[in-house]
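Submitted below is the structure of interest, expressed as structure tokens.
Each chain gets a letter, A, B, C and D, in the order it is written, and its residues are counted from 1.
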Amino acid sequence: MIYPDVQNERPKYAYKLTRVGVSDVKKQIFVKRPNKNVTLTVTIDLYVDLPATKKGADMSRNVEILSEIVEESIKSPCSSLENLSEEIVKRMLKRHEYASYAEVTMSAEYFLEKSTYSGRKTVEQYTLLAKANIDKNKNIRKMAGVKVVGITVCPCAMETTRTMLIEQYPEYEEFLNKIPVISHNQRNDTTLLIEVPGGFEVEADDLIELVENSMSSPTREILKRKDEGLIVLNSHLNPKFVEDVVRTVLTKVEEKYKGFPGDTLIQVKSVSEESIHKHNAFAEVITTLQDLKNKN
Amino acid sequence: MIYPDVQNERPKYAYKLTRVGVSDVKKQIFVKRPNKNVTLTVTIDLYVDLPATKKGADMSRNVEILSEIVEESIKSPCSSLENLSEEIVKRMLKRHEYASYAEVTMSAEYFLEKSTYSGRKTVEQYTLLAKANIDKNKNIRKMAGVKVVGITVCPCAMETTRTMLIEQYPEYEEFLNKIPVISHNQRNDTTLLIEVPGGFEVEADDLIELVENSMSSPTREILKRKDEGLIVLNSHLNPKFVEDVVRTVLTKVEEKYKGFPGDTLIQVKSVSEESIHKHNAFAEVITTLQDLKNKN
Amino acid sequence: MIYPDVQNERPKYAYKLTRVGVSDVKKQIFVKRPNKNVTLTVTIDLYVDLPATKKGADMSRNVEILSEIVEESIKSPCSSLENLSEEIVKRMLKRHEYASYAEVTMSAEYFLEKSTYSGRKTVEQYTLLAKANIDKNKNIRKMAGVKVVGITVCPCAMETTRTMLIEQYPEYEEFLNKIPVISHNQRNDTTLLIEVPGGFEVEADDLIELVENSMSSPTREILKRKDEGLIVLNSHLNPKFVEDVVRTVLTKVEEKYKGFPGDTLIQVKSVSEESIHKHNAFAEVITTLQDLKNKN
Amino acid sequence: MIYPDVQNERPKYAYKLTRVGVSDVKKQIFVKRPNKNVTLTVTIDLYVDLPATKKGADMSRNVEILSEIVEESIKSPCSSLENLSEEIVKRMLKRHEYASYAEVTMSAEYFLEKSTYSGRKTVEQYTLLAKANIDKNKNIRKMAGVKVVGITVCPCAMETTRTMLIEQYPEYEEFLNKIPVISHNQRNDTTLLIEVPGGFEVEADDLIELVENSMSSPTREILKRKDEGLIVLNSHLNPKFVEDVVRTVLTKVEEKYKGFPGDTLIQVKSVSEESIHKHNAFAEVITTLQDLKNKN
């Protein structure tokens, strides 16, 4: 039987649309990691633009492409979520023959073995991010990213309490100037997205390490007393505003990816769940490698 | 006692930051509405840019400005969230004397008396949105917006089931072509944001009406049988893809705000919680009034 | 026209159901507070039980009752959310003549003027909670509650870092034993629900004060340097596990509500967003006033 | 170095606590499924009770147990999340020697290959649930569960629109009484938890099938026109209130698990995101197999 192709009709109001597709699709995808293969549960949004002459996008094609991709990843695990995203937008532009643009966004929980300060092994949870888009000239932009949870200690409050303690105990001024003193600290979420130009590769595990080492301290899931004390101590020796976290990420990115082209896009965002407030502290930068070098 | 001004130090890594501030601040604000004053519980994000030479933004200034604004709104309710946003970014740029940019984003639940098809009064819940930003030349851009929940009925599935029913009951073809037949339908969230140029005003209640009438049907909280039947009937007489919802909003915006400047920014987004899928359907446009007129 | 009463049919599978109704209804309700009237945006769930002989509950009756209640609160603000809940379940049982049980749950954001340690006025955000249920013998149980966000400082990590600092600086042992030293601290959410027996009243503002003073310190939205230092200092002078927070609430409840009957139900829950972990710490008690007195 | 054991101190206020532990821990766990092994990303809460004489629970022990369990599941995938939960609470009671109770709750996204009505393979997303608790006499109660997303079509609105259509087209009354007519339909979440008594097993894939077949229709991720039409048609031939969904689950559970003991606990909950309202419809039952047989 032939069913009417309503999507292909002329729309009543002929306006071009920027993004049409499906959001919040969930898929299990098999990905090759350094020394292992992992299964990721990925949440995915997929969109194309829609010309003014077509009533509806053929949305099931997006999910069909995802389905093929998953099938293929079962046989041969994909090399990274950003390379997968690139492959997806290529197929989207081919399959939606009316579209001049396609984009995909992905995120997935991810686990890595790490160590505490005293050397105990733990498994920590992170979030992998990936994005790609393609235009009608087949220009592709893809980005790799991670979200990392750690701790920030406030540098300003530490100096204020130091002043207060010195006022109360002036005879210990020299000592109080030597040790880390009390401050507020809190859980911090920091996100890094970096463009991966054609011919270059970015390893997500490197991004995680880079971001985790940009906070006051990494956090760990199993902490016996000594390790708990060492996280507290080390984070207070390294107090950071959200602004400092973002800038530390930037300086590490500038160094690590210095071989990348100058127009490589960089986005960093850091949010601290302030323990002394009911609201959050936030810092963000959207820049390029070239602008980093220019210190803008 | 003098406490060290850590925010004002030179940062270790001197990069300019795009947005620094506080997010998820909650405030009760008193707003003048047509024929009444209302109390809104508003969630607010406030950011400035931060020069490469300054370690930290003075975040408490953002909350102080909000606090003053709330005090003033108790005495004299503000005219709209977007006008309030404009006033806030002006004060932010003045108070953060090192910043060359400020922005604020707001959202608040909002209630309006509406009628069912049979004329019964109900009170419906909507979301008000507002945004403003300012640059170093004091150029201000502000936007007013709403999010509206309604119902969409799928036009494609309706034609497919019509074909199926006609195949099964060919003797009723003419009748089946005349009546609305079964389709899937679902809850839909549609968001409209429109720039409010200097010297112009936008009434949020108008935006709500405009968006609500762009879906297959508005929904209502109290529905006795007749009204429930009328929503089902009217929405099936008016089936819409998310694409159709966005385009219907666009045509109404083009008509209603035709006196606004051509570069007035328009953003519309529609998300349907597809009843036949576990994922959502999504359509979005980011455009200007001029482009709407050009049918681009 | 008469429409079929499908809800009233015999169900295909005749099982009694425990709770049937509507969830996530939002309403603005006007409430009398000490010295002022406030507008609350309340999220409400309303359920009755359903006998095995009836196919569906008449759900629109729940929303009709809410609508009447709101109308009445406009004319005469209600005295508290828990008294409102009591009135609602009474009407539910009357209106759903087939039901032998009704319950309602409410929550609403709420704002109160508070002071920082140095005396500056700020407006802080809390959550009001209320619950009521009624059985076929008209026995009513109602509960009043609050959720409060504050700060907890870990007492264990503080003693560990004290030991570490003393090991490094043995000559300062006496001094290090005298001052609060560094620890991890974090945002904490603590919820208290207390039954309000017939003839008794509970004032939500009292519950907020009671809970806020059971954490390491209250937090405030506007903190200039001195007040920020004082929150850090005071919270480190008062380190608390989530267990300690719950027990401090219990001892204050036992004292403040000692005139209440022994079977008065008490629920306290405290969740700390651990800054040194990616997961949370949690403590909860469900008890009665009598059991508190028995120290069980 | 010896660090002070603060958790083991006497608390200032000696009250017994009901539940103390960690929440929102995430772990990847390897589970044996029919014909395959899968990797699940599991979110876990773990609690013990705390006697009045002990200041704090030793929370890191919970995460250590999880860590061991994960290690073991890498070598030998566990048979089910509920059996894993049983093993975890046993170890918790042993490791927290002061506790007389332990409980664990788990949830994980899960994917299964399914077919559309026309036979096309798709992969659908579900949620696995598991719970276990243990008391001081080593009595264990464990539960297995699933959450399934599907579609419900309202039976009441269908009869109302049928009446309306017949009034408008009385000459087609017979035909209109024969076909499914328009109604509202929406996404529905249904959750089933069933106790798994010692010596019995429950297969989660069976629970998923049982729940999915209790809604108006399952939903599928890839639907070409014919399959979309068939979901719409079949769901309208099978209209269901949330009450009907819960009762259909109950009758299938009563049949499928009739060999289980009478005191086997059953919980079913169904929530429809009503397309004609902004709020949800909700039905729940908490019962036992024996009560089902008694039709209570």
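Everything that follows uses one rule, which is that a residue touches a chain if its C-beta (ideal position, glycine included) is under 8 Å from a C-beta of that chain, and two chains touch if they have at least 3 such contacts.
Because the structure is predicted, anything quoted here is derived from the model rather than measured.
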Margin query: So, comparing C-alpha centroids, which chain is the farthest one from subunit C?
Written below: A
Notebook entry, point to check: Is the contact between copies subunit A and subunit C built from the same residues on both sides or from different ones, judged by whether over half of the numbers are shared?
Noted result: same
Notebook entry, point to check: In whole angstrom, how far does the Cα centroid of subunit B sit from the Cα centroid of subunit C?
Noted result: 31
Check: Can you give the whole-Å distance between the Cα centres of subunit A and subunit C?
Finding: 35
Notebook entry, point to check: Using mean CA coordinates as chain centres, what's the subunit A-subunit B distance in Å?
Noted result: 26
Check: Counting only residues that touch at least 2 other chains, which ones in subunit B make the list?
Finding: 1, 3, 25-26, 63, 125, 156, 160, 163-164, 221, 223, 225-226, 229, 277-279
Item checked: subunit A partner contacts - residues on subunit C that touch it in the complex -> 124-125, 149, 151, 154, 156-157, 160-161, 163-165, 169, 172, 175, 179-187, 219-221, 223, 225-226, 228-229, 231-233, 235-236, 273-279
Margin query: Touching residues of subunit D toward subunit A in the complex: what are they?
Written below: 1, 3, 25-28, 38-39, 41, 60, 63-64, 67, 70, 109, 111, 122-123, 125, 221-226, 229
Check: subunit B touches which residues of subunit A in the complex?
Finding: 1-4, 6-7, 11-26, 45, 47, 50, 52, 55-57, 59, 63, 155-156, 159-160, 163-164, 167, 241-244, 246-248, 250-251, 271, 277-287, 292, 295-296
